[in-house]
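One chain, chain A, appears in both complexes that follow, with chain B as partner in the first and chain C in the second.
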Partner chain A sequence: MDSTLRMLYHLAQGPLVWAAFILFWVGSVYQVARLLSLTRKMETRRRGRAPDEGPLSAARSTDGQPGRWSARLRLSIAGTHSLTIGVSVIFHTLLFMVPLFLLAHNILVDEAWGVSLFAFREKLSDYLTWLFLACVLFFLLRRILLARLRAISSFQDYYILFLAAAPFASGLLAYHQIFDYRTMITLHMLLGEIMLVSIPFTKIAHLFLFFVLRFLVNHEYSLGSGRRAWR
Partner chain B sequence: MRKYKCFYLPCATLLLFVFYTAAFCQEDMIAVDRSDFDHPQRPAAIFNHDAHNENAEIEDCSSCHHLYEEGYLVQDVSSEDQSCSDCHTLKPSKTTLGLRKAFHTLCISCHKKEEKGPLLCGECHLIPPPK
Partner chain C sequence: MPDRVATEVTVSAESTAVDPARIKQMLNRHKAKIKISLRACVHCSLCAESCFLYTSHQQAPRYMPAYKFIHSTGLLYKKKGKVDRACLEKIRDIVWQDCVLCTRCYCVCGIDIPGLISLARGICRSQGVYPDFGVSGDG
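On to the complex of A and B.
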């Protein structure tokens, strides 16, 4: 290993990991606090679990009657864009599942702290990574090819897709030892750290803001009994 | 058949020589034996026994071929006559590391301590594996 790569490797596997985790947590807490400060607790709660307007209201009016859930599903985005939602569910599941249950990651954690999770066989993780990258390609092509999506796409939309895909792609190349292995594994760690730091400060913040918005704030897409409103 | 009789003895001698060589001369070890794993996940880790020990200046066999009894290291006793998997079964027990962790710990802990030798997965589990 030449000296620059060695230095990068030692940085990536040591101090930068902690820096990334600290920035991720501090950033996340700050963003949740900021969102909460933009909303206020409503003085009087509306009757019922959700507002009366919005695309789901037709289904909601059949509360308590048979077919309520199927009607809700049909009118929701899962009904209107089934393929995209299907790919999205696979994408988000794999995004968490593959790194969490990857054998090599678990061996490293076990070496460091003596604890580990259940791990997939490496061949399965390999296939799942390909599947994940196929989902990324689907989102990328969708964003490029659909005019209505292209119109509202900015650089950040492509950047966050890159951030999600890059640790997977570099991990895959490192696993198969395509290109220089040491460079690739160092790049893999750095890209993972960049992704972690970027979560609170980019649109990937939907990782936690999704829950705050959908469950706390009262609007037409509320999932829970939203008790907060925008200031 | 009778006219080939003169070849019997030389052929028998040759066969004996070939099988004797195969049976009694151990080949140089170039990779860790992974035949005990039911589902090996990676190519066998590269490990050229003689070259490694010469390079690392390891003369005491028991530094790797250790022997533990009831969880305690037996000093100055080596265990080359045993296979690693005799003690380190695939599943760990209360006192013994599982086979995979035993291999990893033995190699990596020393490489870390000495600040020499590979630490990354793919530095030992090479693709393509050593032949």
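On to the complex of A and C.
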């Protein structure tokens, strides 16, 4: 048993890290390139932006008055679903920030390459991890309790939420040395690697798809140039 | 006088068979868009309130824009066009009765939901499955 764990530990902290990072980057570049190849640049816009009349136009910032932005926000999806959007913004920010600015991660990077990012105090990372897990719980309860979410939920929705939460939960348990540390840290590394590899190949790909669909593809709600159309 | 539009379809004898190859051909023309849209949909349900039919039907999930595109074009795509008439008739009720294609639905991820519902309408129509409004002029 102990030798299996030792082998897994060495595998997870060595070759699998490289494999995960390589698969993540190759997969991500492939997905973005494929998305761009599936769309083409348009000569002219086919569908314009939202008409200038209507409730949004009154809120549109034309003279830069400070009140206008709050009106825009109120009329946007953040006004309709303030709580969900708020939790979602916190969730996605922490998903990137906590692992990137974690002291332990940065020490490892520093030991390996002699460079590192700025790191949060350990206590802060601890609180932020709890906050992140609370956001996960919010999404999970929402998915279980709301009929409209149950109507469209599939196994993959639960799976990607698990993939996001598992490295955080196992990292927290390892940091607090709850259960066997060696097992927890091995599990933490393996789960993190599975999560990384899954990004380009599961629904987590909305990480790229969001930007392509909202910023590049032309439609009424395009946020960016919106100068591409589906082939 | 019925309070809803009658969806009984007048089907002629030669059009009863469904042509999966033709459906697949129509789906393939928009394969990229369908595939990416299905993957991009994170099933967040935030599109619900943008549908006036959803808000005016006691928030019944079947009026949610995501539900409508997943169970019409999404279903046709997953089954690769291999569906029977009963299935197409279910889709017909979704894309004509539960959606009026007002194109006001808002997706956080930028999915073109009206475009996908419109495609499902086209596919149903190609198989002779569409609502009979009683004013077709055929008789």
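Methods note: the second predicted complex is superposed on the first by the 202 of 231 C-alpha atoms of A that agree within 3 Å, B and C clash if a C-alpha of one lies under 4 Å from a C-alpha of the other, contacts with A are read in each partner's own complex, and residues count from 1 in each chain.
In the analysis below, a contact is a pair of C-beta atoms (placed from the backbone, for glycine too) under 8 Å apart; a residue touches a chain by one contact, two chains touch by 3 or more.
Everything quoted here is computed from the prediction, not taken from an experiment.
**Q** Fit or clash for chain B plus chain C once both are placed on chain A?
**A** Superposition check on chain A shows chain B and chain C fit without a clash.
**Q** Can you report the vertex angle at chain A, computed from the C-alpha centres of the three chains with chain B and chain C as the arms, to the nearest 10 degrees?
**A** Reported to the nearest 10, the angle reads 160 degrees.
**Q** So in the superposed three-chain picture, is A:His81 touching just chain B, just chain C, both, or none of them (first/second/both/neither)?
**A** A:His81 contacts chain C only, not chain B.
**Q** Using the touch definition from the top, say if A:Cys135 reaches chain B (first), chain C (second), both or neither.
**A** Once the two structures are laid over each other on A, A:Cys135 reaches no partner at all.
**Q** Comparing chain B against chain C, which has contacts with more of the residues in chain A?
**A** Of chain B and chain C, more residues of chain A lie in contact with C.
**Q** Is A:Leu38 touching anything from chain B or chain C once the two structures are fitted on A? First, second, both or neither.
**A** After superposition on chain A, A:Leu38 lies in contact with chain C alone.
**Q** In the overlay, answer first, second, both or neither for which of chain B and chain C A:Leu209 touches.
**A** In the superposition, A:Leu209 contacts chain C only.
**Q** Counting only touches as set out at the top, which of chain B and chain C does A:Tyr221 meet: first, second, both, neither?
**A** After superposition on chain A, A:Tyr221 lies in contact with chain C alone.
**Q** Report for A:Ala174: first if it touches chain B alone, second if chain C alone, otherwise both or neither.
**A** first
**Q** Taking the superposition as given, tell me the minimum C-alpha spacing from chain B to chain C, whole angstrom.
**A** Superposed on chain A, the two chains' closest C-alpha atoms are separated by 37 Å.
**Q** Taking the complex as given, what residues does chain C use to touch chain A?
**A** For this pair, the touching residues of chain C are 30, 32-33, 36, 39-40, 42-46, 48-49, 59, 61-62, 64, 66-67, 70, 103, 106-112.
**Q** Where on chain B is chain A touching in the complex?
**A** Those residues of chain B that touch chain A are 39, 41-42, 100-101, 104-105, 108, 120-123, 126-127.
**Q** Please give the residue numbers of chain A that touch chain C in the complex, ascending.
**A** 35, 38-39, 77, 80-81, 84-85, 143, 146-154, 157, 160, 203, 205-206, 209-210, 213-214, 217, 219-222, 230-231
**Q** Which part of chain A faces chain B closely enough to touch in the complex?
**A** Of all residues in chain A, those touching chain B are 103-104, 107, 110-111, 121-123, 174-177, 181-182, 185.
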